[in-house]
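What follows is one structure encoded as structure tokens, with my remarks underneath.
A, B, C and D label the chains in the order they appear, each numbered from 1.
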Amino acid sequence: MIEVGIYGASGYMGGEALRVLNEHPEVKVVWSTSRSGKPLEYFHRNMYGSNIPLIKPEEASSCDAVFIGLPTGNAMNMAQDLVKIGTKIIDLGADFRLKDREVWERVYGKTHSCWDLVDEAAYGIPELHRESIRKARIIANPGCFSSASILGLAPLLIEDMIDEEKIVIDGLSGTAGAGTELDITMHHPEIGNNLVPYNVVDHRHTYEIEQELGLLARKSVTVNFTPAYVPITRGILAICHCFPKEEVSRSELLERYKLFYRDEYFVKVFDMPKEADATWQYLPYPWVAAVSGTNFCHIGLDFDEKRNHLVVFSVLDSLGKGGSHAGIQNLNLLFNLEENTGLKRYGLHPY
Amino acid sequence: MIEVGIYGASGYMGGEALRVLNEHPEVKVVWSTSRSGKPLEYFHRNMYGSNIPLIKPEEASSCDAVFIGLPTGNAMNMAQDLVKIGTKIIDLGADFRLKDREVWERVYGKTHSCWDLVDEAAYGIPELHRESIRKARIIANPGCFSSASILGLAPLLIEDMIDEEKIVIDGLSGTAGAGTELDITMHHPEIGNNLVPYNVVDHRHTYEIEQELGLLARKSVTVNFTPAYVPITRGILAICHCFPKEEVSRSELLERYKLFYRDEYFVKVFDMPKEADATWQYLPYPWVAAVSGTNFCHIGLDFDEKRNHLVVFSVLDSLGKGGSHAGIQNLNLLFNLEENTGLKRYGLHPY
Amino acid sequence: MIEVGIYGASGYMGGEALRVLNEHPEVKVVWSTSRSGKPLEYFHRNMYGSNIPLIKPEEASSCDAVFIGLPTGNAMNMAQDLVKIGTKIIDLGADFRLKDREVWERVYGKTHSCWDLVDEAAYGIPELHRESIRKARIIANPGCFSSASILGLAPLLIEDMIDEEKIVIDGLSGTAGAGTELDITMHHPEIGNNLVPYNVVDHRHTYEIEQELGLLARKSVTVNFTPAYVPITRGILAICHCFPKEEVSRSELLERYKLFYRDEYFVKVFDMPKEADATWQYLPYPWVAAVSGTNFCHIGLDFDEKRNHLVVFSVLDSLGKGGSHAGIQNLNLLFNLEENTGLKRYGLHPY
Amino acid sequence: MIEVGIYGASGYMGGEALRVLNEHPEVKVVWSTSRSGKPLEYFHRNMYGSNIPLIKPEEASSCDAVFIGLPTGNAMNMAQDLVKIGTKIIDLGADFRLKDREVWERVYGKTHSCWDLVDEAAYGIPELHRESIRKARIIANPGCFSSASILGLAPLLIEDMIDEEKIVIDGLSGTAGAGTELDITMHHPEIGNNLVPYNVVDHRHTYEIEQELGLLARKSVTVNFTPAYVPITRGILAICHCFPKEEVSRSELLERYKLFYRDEYFVKVFDMPKEADATWQYLPYPWVAAVSGTNFCHIGLDFDEKRNHLVVFSVLDSLGKGGSHAGIQNLNLLFNLEENTGLKRYGLHPY
């Protein structure tokens, strides 16, 4: 059994890692931490009766791998020591995501304390970085909007099919994305029937998306990313707009996407016919509720031939394929397990 | 008192017109129709106890003005007779919105039965067509997404500030926009935690938006419009992306918008500082919940100077400023009343 | 014009009073207070552009009447001075609701500072206390659950029809009832798909309900009241269970209720047939969404003859007939206006 | 491997059985049926990419066990043949739940076609009927409200602790409980902010609850059950009110409940202290969101000593412990597997 520890198990990210790892057939969660001194069910009532203890971070013992579900800025201070004793790090925060130090320090408003380790960290999207993940000591698990956007646009940029200067992405997020901290925009009377754009210019995930899509495109890419909270709890819909360089068709694009992701278990290209059906409308685009609670990402698209405009829809769960579940997929790679071990279950319907 | 009749009072649009006109100080609703033979409260429980009768459409008597809340294709067959006897028509459907016959007939899949009246119909956005509305016999009340998008982008196009070929709009709609007809995408177990893109290419409202923005720009405008349902009941958020032709700043843009709408009672430019506040976050973009149930439209914006990308947020209620309330604003203009008569009340908070 | 001041306009109760009074034809709101120093739209974005100033409470001038939307314990310290200068008080809090000092001090954990004024305060349900309200100097506006429950059960207790020892009420509340203060149970990720029982034993409103129903019954009444939060923003459904002393029928009960409330504008007895309808189900019980944002209370009921069990459903909005709107109804009575002035508008549909 | 077939896989019940059995380590789903001729993902987008075929019911082959997720009245016509060939039946409908033929035929408005098999059917609550389930050929899987109510009240009735004539239960249900059929009360614009009481008198589940609690009490029990839909998708909260025969205390009751369910994996007695906590309120009653998507039932309670009134809260998922998951728990018993095989995973948080 792989022995895993979880830092920050009282948060949504850490709690979800704990929940799924708790049933992982090859993993034993040896400890989970919280500074609070409170029991687990205080934070996660879904785990009521599990009797899993929470320990203080300073009581953590060494283990094969750790998930770090702490606010950005913590992992970098722990990494050196962990790496030294051979512990694999899966950082659910942003400490190792950006490869440009100046950008990272500006965006996160901090001095990075172990930049030498950033270079070797693997960006945790297995569908694009599988080999580097297998060999890494540190996994930079991506931001939720980043995962959705990058998976949605990768096939286009890798083939230089779209205007890389005019990419527009609207990211609609459930409220779980805001974390456990109380805030007026998450106060139910305010958000219950509302749509709330936030961090509209220069959202931190923009830099990840530009970095990763730029690597695929082998040139600089500009992404105009706009997030908004919507009153669902879990899940993200990235609506990605782009302008193709040459004429294409919906069916051709779908074929390319299916080819690109043909060997992937978790990324499904949503190819359903556009004809409506009288009794149960057969909508041809992905629904975020279908992947909530899972490691799946569904991608659909459509193309307006008259206006030469392409829209790609990418849905995932910010705690699933956009967070902790993806971290477990990365863990499986790190330890040479089947990539989908412990992650196969389909989502709930209805959700 | 102005005598008004309402065709189609069992639907959401007609019902909302009835509700607001019922308290309008200068209007008497002389009849409301439904083919069903059912009482009003069967459709609108909010009106329980009002004892307002519903009559069959064929029992309708002549009056000063009618609201037509029927499916598109009905108003055109009624217009000739109504115009002849001097009744003003406020069509809440799409029969008179598009000025290009070929486009209309293709988009709506019907032969238009009175195209000669289309030309004289006024497009019902008072902020842009006030004078023609005052003199019209027929008001083509705009589509909900159209109102939000046109109001949001008008100040930019009228001054030729943006690339008119690369406009991208995501329209997020509450479920009231789908009307009363049952459909699996409106079935609560399906939509309750979901985000549902639909009619992604060539949505009918695109043509209204392109037509009206083209008139303002005095040239052809291309709009890439993508709608999605979100699990709120009322309200629309249009996220409008554009690429400015010259450098601008957020504050300059806000000044231009405020100048453009300076005399408008119902269109408010949302100019709040971007600095967060520790206890009650002061988010600088409009919230759809703030205008639900009203004739107000709130417009906010932000500009990414590094990426030369401008995003405009426009919120309104599809039955309010995007529907029946706007129809009443038009009625007020038609009969030389104060434009905001019967429409002044602010929305609910919380909504 | 009646000059009115509002203490605590930054909260939901005070803000709603301000919003409705702002359009009241016989009232001028002369000031509204907030300790924060922040502008009104910071708290209530629905009022954006109204330019209504907020002043500090110590800057308040004298006026004809004040609404007090402050936490319980404040009004009692202000009442003596206000009464002295002839200002009518409408207390939206609980300072004057209970007539038993020992009970009040235990339930609210405070020493009451002006108990002599409690006796003369009128309990603000006009349908039951119209005459004493007209003559009062202080109105104790009822708690939201209390209004719903008392209106729902009054016709039964006044005629001694039910076992007064075995009354069971479940009170389902929208989240607006929790106020503006941030709390984990109002954090959207927690409550968005949840049902949250709280304050299960000895909820403060129980004492109001027992007091008022006891007055009607002319004997002691025991109420077992259980509240729970549900993920709607506004509105309350009180499900009131009781055991009739004699055989009755649904139709007979409905007749009695209709007789009891026959002259009331705001309390509607929901008498719809129980037969289902194939296309649009004709449900015979009240819906909370139908009264949200209004001063209406809808009451419905059913009776299980086999089990001799009666259930009464009472719906209202905690900020409407269960709060600020009821306060305005009381204001109208205090100043000899038509009782429904400024309150007539029906609720939104859909809500 | 146990070979299982699923009748009615296009519905919510059948689809959930399929989803969970698909990952059950000891089960192979050999077929799933739908009359529609449509693919699985047409009904359940969560299963997109699973490539599980749907067959017509007449194509079903023999297997070890079948789940029947068809409308009530179907299973009885299939049972004889299935029993004859040794196939175990898990009926997710109501055909075998009631032991009194006259009651069943009145309540369901049908003549029962194989009443001789009803007697031998086991009522599928393992916590109460484990031994008869192990030996049964037919499992009558309980109604969702029934499971919640019976589990919530069993410890009281078995010890004759409460007045068995005055039991009041309010059952709040998510919309998944209404099934896939379109209906105005499930239309999002209607239910999105609403609370909808329905089938208020004589709900069918009442008879199951009375039957099962009567067996435990060894006397006739009267249950006054009132259901209402609330705008969550999954989950049920049963609020059960009763009047104890003798004085008890909350802590004593909790001890009795914990003793009663001490060996149960899926029924958890929620024993959390009542003291609030300043930063993260420690609410002592179960939350429905904590068990959504699982086979868990959480039970909490409180006692009002002053009013001698006891309230028990029981939460479960109508498709989980109140439906398909419980069916799988029963399957495990039928085939001598560990009772929690394939069912151990905790629910999502946030849900």
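The rule is short, and it goes like this: contacts are C-beta pairs under 8 Å (C-beta built on N, C-alpha and C of every residue); 3 or more make two chains touch, one makes a residue touch a chain.
Quick caveat: nothing in here was measured; it's all calculated off a predicted structure.
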item	value
Chain pair showing more contacts of the two, B-C and C-D	C-D
Inter-centroid spacing, chain D versus chain B (mean Cα positions, whole Å)	45
Chain C-chain D separation of Cα centroids, rounded to whole Å	37
Residue numbers of chain D (touch at least two other chains)	12, 174-176, 183-184, 189, 192-193, 231-234, 280, 287, 289, 292, 350-351
Chain contact graph, described as a line, ring, star, complete graph or other shape	complete
Touching residues on chain A, where the partner in the complex is chain D	12, 15-16, 19, 22-23, 38, 41-50, 175-176, 193, 233-234, 268, 270, 272, 280, 282, 286-287, 289-294, 298, 344-351
Interface residues, chain A side, partner chain B - complex	166, 168, 170, 172, 174, 183-185, 189-190, 192-198, 200-202, 222-224, 226, 228, 230-235, 237, 239, 241, 243, 280-281, 283, 285, 287-289, 292, 300, 302-304, 306-307, 309, 311, 313, 315, 350-351
Residue ranges of chain C in contact with chain A within the complex	12, 174-176, 178, 180, 182-184, 186-189, 191-193, 231-233
